[in-house]
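Common to both upcoming complexes is chain A, partnered first by chain B, then by chain C.
Now for the complex of A and B:
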């Protein structure tokens, strides 16, 4: 009851804030009326900024109309530089998904190895410490040179940036599984594989999922920048292309879509996290 | 009738750990010898630091002795085995599994070839034995402390071990819960005649449950001072315990040991190395005042009944 009431009030505050932001935005970008009297032909050439004091920054109504236009037809394809925003987002999500899954496939087994073996933990630690702080985009030239394919290079960059949080969290989760539980597994004569699957994995799952959630967030941040560099397709390329077209309306629209997709990815991971959580 | 090698048999058991400075070694206990017969309930009593839990861990196969060896159920203990089930002090249930899931994990380890239904039925049987039918779908976090420990007991019993090892299983519980679980253990044991090796620091618990009580001197370099035979009638209950004729002499003997002798003997380095192989067996009775037993520690004589084996002498 009180929870619902709180939710309702919070929703109202959110709506009010939204209205204020849109209102301020609208006022800030609205034209000031005719600024200078001039020949209509000349005024056409000068554009709205000079003649009506109107900002080049689009207002909320224009952006809203653009979003609606994109939503109505998200998947059109009229050549390299004119694809629907749905197609662009699909390219980005596919790259993130591929790079991320590759990172999962590497980080979880290697994390298990590091977590279970103090020797490997110490031996691999210097590599991880050096590799972890490298900006993923710094790998891009190296990737382009060795892989010689811009699309795969972008996937590699996603792979390398998703790897570290998952690797470190998996290793930590595995290394800190309670001794009691491992002792139970030992007294039950469970094989190492069965212990890993039935005891260590569920025990470490919440920590691993936390790492996976951080990773998907980073991957989604990095894909925009990576696609601006490699070009061709993807939401990052779309943003840069629309900047070159000086279509701020499209840039803002894309920014909003990027935010929404990022939120959905995070929610998805949060749902998975709740599935493996346990109360101790 | 003590056999030379019992069902459980410790032979010259010594455990040393590297000490905190890293340079030297710390001897927790040294040269332990004891036997536990099949079907017997043995308790170890001693102060913290005498290595009680270490003995249990060695017996479970989770730790290894520095010297000597231990035999359980006719086999040299070299590692953990399904023959020896452990009931852990802190229940050690997997919090992501239900009560039933925890027991099923143990059953499926014991019987890898069983079908799901067989595993389930067997696990349910043991949950019912500890009166947890109806709570089988609950996660450990939803169970009370006593119920968690019941699941731990069901998990240990479900693998039908030859030896049951209990490491202060009830020490984390409140007195009422502890009492009802002790009753549970008595009932289960009367039904199964399981060989049990238990660590406790509760004198009454030892007198209620155990046939034989091993008294350990204080660590470091702890040793077994004597073995007290519980002369109370086999069919004893928690409610009647303090009314049994021999209860107070036994209890006083144990408490007196814990309060003074465990320390004195450690300081005096008693028993001597010769006496360690055959710790004296003691049957305290009302015929002796508590302090008299101090005088009758048969240190050099070895296997001697310090007091009369008189179960019929009453305190009156």
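Now for the complex of A and C:
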């Protein structure tokens, strides 16, 4: 009962906040400045911002209409450089998925190794510490230069940036498995492989999943920047292309789409996390 | 270019519009009416021969009217082996690779490269070209060096810089065609509308698209003529063109010398005004270029020829003022430039709002002339030398000749029925000062403001 009541109240507050944000946004952008008097011939050549003193920032109604327009026809294809937002998002998700799965395939085994061996943990630590804070975009020129393919470069950047949180969390999770459980496994004469699979993995799973959840967020952050640089396809390219056209309405629309997809990816990982959670 | 039957007395070979009136362009008409490549090749050869025999269209018509088409064909075949010529031409016309990717930056300089796609110039020359929008000059350079693109839109100094290894590893590069001449402008923020004298610009922050660009050299040249040192008195930074207008609005820069549509876009959005067009500094200066690696040119000569012919053809079409509105409509959609059509129309027709309340007209605001004069390259090299981008002795003429393929362009211009200039070099004036391409070193020394020795 109290749980439901809290949820209801939180929902109401959320709605109120949303209404306030949209309202403030509407008022801030609705103010049309004074229309400048111009020669009609001249005015015909000018945009609405210059002639009617219209705010360059679109209002919520305009953005809403734009979103509806995109949702109605998300999969159109009008040539190499003009595809629907659904197709662009699909490209981005595919790139993130590929780079991220590669990172999972590397980070979890290596993380196990580091977690189980204090020697490797110490030896690899300086490398990880140096590589971890490097910005994704710093990798881009290097990747383009060495890989010589912009599509693979983008995936590489996703890979390298989502690797570290998973690696560190896996190592930490594996290293902090309760001694008692390992000792029990030993007394039962389990082989090391079986111990890793049946004891360590389930015990470390929640920590590993936390790392994976952080990583998917990072991967989604990185893809937009990478695609803005590389161009061609993807939601990042879409933002760049509309920025080119100085169409703030489309940029805001794309930002909202990016946010929603990011949230869905995070929710997906949260679901997985709940599946492996256990009580001590 | 015309695929009309040259033996038909009622047809004009010179005119550009569609001959039946049922199509928007002649190119569309041609692809529909003459579907077989062989028939098209035969027509090209026949037209060329007939045009050579009768330079005056009137006399051709009179001749054909008098003797009839079949007699004329027989008569010409007597002394000119039309069949053989067609065969030779057809062999040359078969490209090694049909599916190409060409990169472009979304600015009006790229007009010929872009419009050749929607207006069918690539298809006309037997190519299936995908034009790919690219985010910036460095990316377009890397993607072309990576061979993701077969050829690309570049700034005319870039092939020189790439060949000489300035700013990247040296890779032999070629620039067989200039895309546009003129078409740039100095745009200032509206708040500076009373500061029209460059002497008052001390402390200004300017943006140019790239370090190796005509924009950079022209801006430096311009302010230096007024005694302002571009390295110490003002700040010049490289900013991608689309970000120029936003930076101007945000007051991050005071002005820019940039490519259109962004000058006109700044006016359209009410944030800037056009201080001067680049053509007022140097009438007919080159800006952007169509570039390809030396490797592409040598390993795929036929593809290269067909591609270059499409570009030259498109450039010639764009050079005609009456076609400009149609081009503006063709390149405005999101797939190409992604700009309001009225902005592009103002740029291409040359009737534009200047941002200060008046409408100006200058039909040559942007113009199109594919011929890569070697003296253009020499001038660019003198400026690279002047501002310290290249050091030591430069063999100006040799580099210019190696990169700017004027001879190739001249040959292909003839093949598509255009008249190339007779000399690969020409002298010109920049802001009233004569430039003699034969004496580059003296030219560099003649400036008061310069870098290095």
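Here, the second predicted complex is superposed on the first by the 268 of 280 C-alpha atoms of A that agree within 3 Å, B and C clash if a C-alpha of one lies under 4 Å from a C-alpha of the other, contacts with A are read in each partner's own complex, and residues count from 1 in each chain.
Quick note on the criterion: a contact is a pair of C-beta atoms (placed from the backbone, for glycine too) under 8 Å apart; a residue touches a chain by one contact, two chains touch by 3 or more.
Everything numeric here is computed off the predicted structure, so don't read it as measured data.
Participant: In the superposed model built on chain A, check whether chain B and chain C fit or clash.
Facilitator: Chain B/chain C on chain A - fit side by side.
Participant: Between chain B and chain C, whom does A:181 touch in the aligned arrangement: first, second, both, or neither?
Facilitator: Only chain B is touched by A:181; chain C is not.
Participant: Using the touch definition from the top, say if A:79 reaches chain B (first), chain C (second), both or neither.
Facilitator: The answer is second: A:79 touches chain C but not chain B.
Participant: When the two structures are overlaid on chain A, which partner does A:279 contact: first (chain B), second (chain C), both, or neither?
Facilitator: first
Participant: After lining up the shared chain so the two structures overlap, which partner does A:244 touch, if you call chain B first and chain C second: first, second, both or neither?
Facilitator: Second partner only, chain C.
Participant: Touching A:46 in the superposition: chain B (first), chain C (second), both, neither?
Facilitator: second
Participant: With both complexes overlaid on chain A, does A:150 touch chain B (first), chain C (second), both or neither?
Facilitator: second
Participant: With both structures superposed, pick whichever of chain B and chain C touches the larger number of chain A residues.
Facilitator: The larger set of chain A residues in touch belongs to C.
Participant: Treating the CA centre of chain A as the corner point, state the angle out to chain B and chain C, nearest 10°.
Facilitator: So the C-alpha centres give an angle of 150 degrees.
Participant: Between chain B and chain C, whom does A:203 touch in the aligned arrangement: first, second, both, or neither?
Facilitator: A:203: touches chain B, not chain C.
Participant: When the two complexes are placed on top of each other via chain A, what is the minimal CA separation of chain B and chain C in Å?
Facilitator: 51 Å.
Participant: Quick check on my understanding: which residues of chain A belong to both its chain B contact set and its chain C contact set?
Facilitator: none
Participant: Write out the stretch or stretches of chain A touching chain C in their complex.
Facilitator: 38-39, 41-42, 44-47, 49-51, 56, 78-82, 141, 144-145, 148-150, 228-232, 237, 240-246
Participant: Can you check the complex and tell me which residues of chain A touch chain B?
Facilitator: Going by the criterion above, the answer is residues 178, 180-181, 183-184, 186-190, 194, 198-199, 202-203, 205, 276, 278-280.
Participant: Which chain C residues qualify as touching chain A in the complex?
Facilitator: Residues of chain C touching chain A: 106, 130-136, 138-139, 142-143, 146-148, 242-243, 245-246, 249, 265, 267-270, 333-336, 338-340, 342, 346, 352-353, 357-359.
Participant: For chain B, which residues are in contact with chain A within the complex?
Facilitator: The touching residues are 60-62, 79-82, 84-86, 88, 90, 92, 94-97, 105-106, 109-110, 139, 141, 159.
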